[in-house]
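In the two assemblies presented below, chain A is common to both, partnered first by chain B and then by chain C.
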Partner chain A sequence: MPTPSRYWREIPQRYRLEAAKCKNCGYIAFPPRLVCPRCQSRAFETIILADAGKIVTYTIIRVPPQPFSDQAPYAVGIVELDDGVRLTGQIVDCAFEELKIGKKVKVEFRKVYEEGEAGVIYYGYKFVPA
Partner chain B sequence: MEGIIGYGASIPRNRIKVEEIAKVWGADAPSYKKGLLVEEKSVPSPDQDTITMSVEASKSALKRAGINPKEIGAVYIGSESHPYAVKPSGTVLAEAIGATPEVHTADLEFACKAGTEGMFIAWGLVKAGLIKYGLAVGADTSQGAPGDALEYTAAAGAAAYLFGREKVVAEVLETYSYTTDTPDFWRREYQYYPQHGGRFTGDPAYFKHIIGAAKGIMGKSGLKPTDFQYVIFHQPNGKFPLRVGEILGFAKKQIEPGWLVNKLGNTYSGSSPLGLTATLDISKPGDLVLIVSYGSGAGSDAFILKVTDRINEVRELAPKTRELLNKNRIYLEYGTYAKFRHKIRKAE
Partner chain C sequence: MREVAVIGVGMNKWGEHWEKSLRHIFTEAAILALDDAGVDKIDSLIVGCMSSGLFVGQEHLSSLLADYLGQVPVPAARVESACASGGLALRTGWIEVASGMSDVVLVGGVEKMTDVNGHEATYALGTAADQEYECYHGITFPGLYALIARAHMEKYGTTRQQLAMVAVKNHDNGSLNPLAQYPFKVSVEAVLNSVMVADPLRILDCSPITDGAAALILCPVETAKKLKKPVVKITASGMATDTIALSSRREITWIESTYQAAKRAYAMAGKKPEDIDVVEVHDCFTIAEICVMEALGLVEKGKGGKAVEDGLTSLHGKIPINTSGGLKAKGHPVGATGVAQAIEIVKQLREEAGPRQVKGARVGLTQNMGGSGGSSIVHIFERG
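Showing the complex of A and B:
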């Protein structure tokens, strides 16, 4: 499970979808990398990913890891954002029978996980029907 | 002149009908619906809270304003359901929209008035020239005790307003606040559900303060009810805003565009601010709009706004409030609602 410090380090990605775009070849790394896997350049600029996309594939989690047990069953999918980047995330506020490959979704800011009643609340991105 | 440069709303998709709640408690749904003028209310998903709705509403406000979030000098969230007792909601919002680190942030609390409180402060800082832009959000995931009359109305939603001097959508012409110490509704530390004074929440509380603020601001500005195109009052139920409007001399057609409560419920700190987003969605340049909030404890903030030409450019840049209210509704049974709202006691 994430610790508050790890969660804190990932805030730019989890809250704002900050990615690194290679200044040499245009490759987009999410989360950011130090070296471009395509051209080995180390020059990146920070970009914000698109806030909408479509479902590439999905599955229903019925036997979840313990911290997500209250949420099961829930949908997790790979979504291709409008800028071509593919992200994995929960797809919420959507009946399972309405999930379809190609369905348009948008990014929303949601609670992802909370450390019980007394711990830190971790926020991040999820997908909802557009 | 200073004013609103962007606005946005967030309403959860889940709904529960009055009938579904009344069925569980053996209550008479038609009399509740008639008494409250409420048919259904919004319910947050388990992964939604005051912070998440504030972020979504603020993102819409930013889309409409079209400004660089780094230039926002203040971020305020007004709510009585901040997820943490200690740790600010506003820092999450400021981080999520990219306004950190050069930004003043505070969480505000004043029952249902906390949203307009933030608006008052953000506007004041902009007017004073201390900040370029200020963001104020009213948001709540309010709780009513199971079986209590409040359970039929306690709902969830958020409205966000960006204030600035340029690219103004609605100028703030006048403000006025009316406050007394009136114990009509409260929640003590560590208590899960609020308590209220029943009928005492009416005349000496809601009506006295809203009428006081509305008459005060109209007296200060020299305007009368017929000068306004639209008016928004706090909406704890459907009846109160209509009645206070009638007492003050406003017509129903001035109130109705911002009267969301029959399908939304009472979104507490989000209530009158959400009514204003729905009103701005249909306003025309030159329209004068009056908004009067109410927060138990008790006080009212009033604003007179003048809509500018820019409204036509920004309206379509983010989802409209009535669309959020009427589209994609998911109806819950009481059991699911009780689970979503953590009303079921589980083993540790």
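Showing the complex of A and C:
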């Protein structure tokens, strides 16, 4: 379970999809980095990722990690956003039979999991059919 | 650099060893390796272990294991590269002997995984993926490889049947290995009817949770030649890294770190894929073996599934892969796996593999991989 500070410092990415775009070569790093993996430049500007894309691949998790025990089975996929950035996340509000590589999805802000009844609620992005 | 040889190998039965501790299983394997080499003093000890901290709450293995092997005050180091920790230990030991820093090095690998429950083991293994941007969203290791499998099936037409055949082949081999955790055969039907873990991967596509250790003794080839045993040289060590997050890779179905590590190893040994007689690869999941065969250049890109179906990689095929039973049947104590792969190749090149023997094997290769391919280590071995 993440500590409050560990959760809090990822909020710009998980709530707002803040990324870092390399000022030299245009590579978009999500999460942001200090060094561009493509050109080694260290100069970035903050941008917001696209909020739509398509499924690159997916699976249905039947044996979940403990914090997700009450959610299984659930779909997780890699989605390529319209700006070319790929994210891993849950695909929800979609019947399993309708999952398909290439399917168009959009990004929504959702609850990811919670620490029991009295614990912290963790939020982030999920994908839903477009 | 000096040429390096393996003069001793040691491994005990792998499985669920509730009666034995991490230090115990490691020391057992190390003693077997020392006795096999006929050595009682070492200059240095290198051990690969992914997560003794999470599995048994114990770090500082350098001191613990040197102490319990009765070798203090030797220098010792524990190295980690997730499930490739064993391969990294071998590489580190190889560098130490090749450089002239040490003459006799014990390279070990160990993981004690059954002291925690299933959820805790899933968590510990998950630390090999990106905690904040993969695990946070509920993905598991079977899940990550399922993402690769789905993409490979879509792109190349790899079939569910072909994935099952990897498990069937490795269990066939494992049934001949008395040290394997699961030394029995499985059928394609059994794999296809086993419990779904992460679509399209089922439980019999997955390597198990295992307690196990393995150890090797390395020394310069010049010293090895004085012993009355076949000399097995390590003629290349290649390692490469890639992004930790699967989603950051350019191609989901291609394991670039394995390709890069193999490229370096082939160049160092002056060998080509077709020169290799026997191979041990990191089949943590059935799809992994298919992707790795392709990245090693043993088959064309996208043709891994077909090669398995055609029997190319079976014990008596053109290029036998995982004669030990692989991670699938032999077991996968993550830190020990890379060392055990080397043991199988040494046995093959010494012609001591019994019913699993690949006739006339002179050149062998091991490929050990961390996470979903974030690191890969390839070694090439030759009969001297």
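Criterion: the second predicted complex is superposed on the first by the 130 of 130 C-alpha atoms of A that agree within 3 Å, B and C clash if a C-alpha of one lies under 4 Å from a C-alpha of the other, contacts with A are read in each partner's own complex, and residues count from 1 in each chain.
Everything below uses one rule, namely that a residue touches a chain if its C-beta (ideal position, glycine included) is under 8 Å from a C-beta of that chain, and two chains touch if they have at least 3 such contacts.
Since the model is a prediction, treat every value here as computed from it, not as a measurement.
Three-chain overlay on chain A, with chain B and chain C fitting side by side and no clash. Once the two complexes are overlaid on the shared chain, A:Asp93 sits against chain B while remaining clear of chain C. Here chain B and chain C are compared by how many residues of chain A each touches, and C touches more. Of the two partner chains, chain B is the only one touched by A:Ile121; chain C is not. Of the two partner chains placed around the shared chain by superposition, chain C is the only one that A:Ile60 touches, whereas chain B remains out of contact. Using the contact criterion defined above for the overlaid structures, shared-chain residue A:Val112 touches chain B and also reaches chain C.
With both structures placed on the common chain, the touch criterion links A:Thr46 to neither chain B nor chain C.
When both complexes are overlaid on chain A, the residue A:Gln71 reaches chain B and chain C alike.
Aligning the two complexes via chain A yields an angle of 150° at the C-alpha centre of chain A, spanning the centres of chain B and chain C, rounded to a multiple of 10.
Overlay on chain A (Cα): least separation between chain B and chain C is 12 Å. Overlap of the chain B and chain C interfaces on chain A: residues 71, 112, 126. Every residue of chain A that touches chain B in the complex is listed here, in rising order: 11, 15-16, 48, 51, 70-71, 92-93, 95, 108-112, 121, 123, 126, 128-129. Within the complex formed with chain A, the chain C residues making contact are 119, 122-123, 126, 132-140, 142-143, 146-148, 150-151, 154, 195-201, 243, 245-248, 252.
Looking at the complex, you find that chain B touches chain A at residues 13-14, 45-49, 51-52, 55-56, 59, 83-84, 92, 95-98, 328, 330. Contact residues on chain A toward chain C in their complex (touch as defined above): 10, 13-14, 31, 37, 56-68, 71, 74, 76-78, 86-90, 101, 112-113, 122, 124, 126.
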